[in-house]
């Protein structure tokens, strides 16, 4: 028997899960691929805020963030949007690498992990 | 003192660990590199089923799945096998990116995380 | 209210977090990019030892290690340093893929996860 809460579940995945004090999102990408890296980063992080709120958490509760960039040269520009997002928060650990993303238009994918108690 | 159970441990890694309610597998690849992406995906997911069973869990208990594809263009074909695998299960969160895998013959690597209580 | 301990926190991230029994490091890279893959691996793993010690843990407590190589062909050489590091330890699960790293000089990035009870 499971004790895992799953939100926005479709045939392939849930968008966020919570079990006990633990929360994990799916990798988030930006549907509007006309946006530049700062715009896509801003949008993806807003999606994470929304998902966290659906399981009773917020960015204050983040433990870890995983970032994939389609082009690692977007690192500095991504950081501008990322730093603004966490301006008033304690900072989670982070890893960021360059990888091929599912659609050619996606510039960034982000996965977030939180802990609430 | 540790309270981590380690299964199929060699000089480099364990294939699955369990600690309290938490389970994590090593990145699984398919030894038979003659298989196409659907075949390798099917085999890798069967290996994960087997590893989960060795620590008292099943795919019903998955919280998160990480997928790396050697060629991101295999995404749609991989999904066919992935969706079939989880047909009757609640869905974990997921992230999938394209990355270089250790052997040129590996088309997919998958890591699974589960929670049982 | 948070119950997450954060170490070496700057404007972008913490270098290690601990919450209850759980520990996660940021992705560690080697500042001295003149070192070869064995040298960078050795240095990065030493940084992880140091971070773990700051939250009351050691490599004996590792559950999982994530490795990214700038050049997947460095896999065998990386393993020499990695195996030496864990020679007298129980082995965590592991995944290793090739990805673009933030600086052209970084050959390896490693993220470690531990559990202490």
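A, B and C are the chain letters, set down in written order, and residue numbers restart from 1 in every chain.
Here is the rule we use: contacts are C-beta pairs under 8 Å (C-beta built on N, C-alpha and C of every residue); 3 or more make two chains touch, one makes a residue touch a chain.
These numbers were taken from a predicted model, which means no experiment stands behind them.
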Fitting subunit A to subunit C on CA atoms, where both chains share a sequence, rotation angle to nearest 5 degrees
120
Residue numbers at the subunit A-subunit B contact, same meaning over half shared and different meaning under half, come out as different
Could you grab the centroid distance between subunit A and subunit B? Build each centroid from C-alpha atoms only and quote it in angstrom.
21
The positions of subunit C in contact with two or more other chains are 99
Could you please specify the touching residues of subunit C with respect to subunit B in the complex?
21, 60-61, 63-65, 69, 72, 75, 79, 82-83, 86, 90-99, 115, 117
Note: in the complex, subunit A contacts subunit B through residues 2-4, 6, 9-17, 19-20, 22, 24-27, 66, 68, 99-102, 109, 111
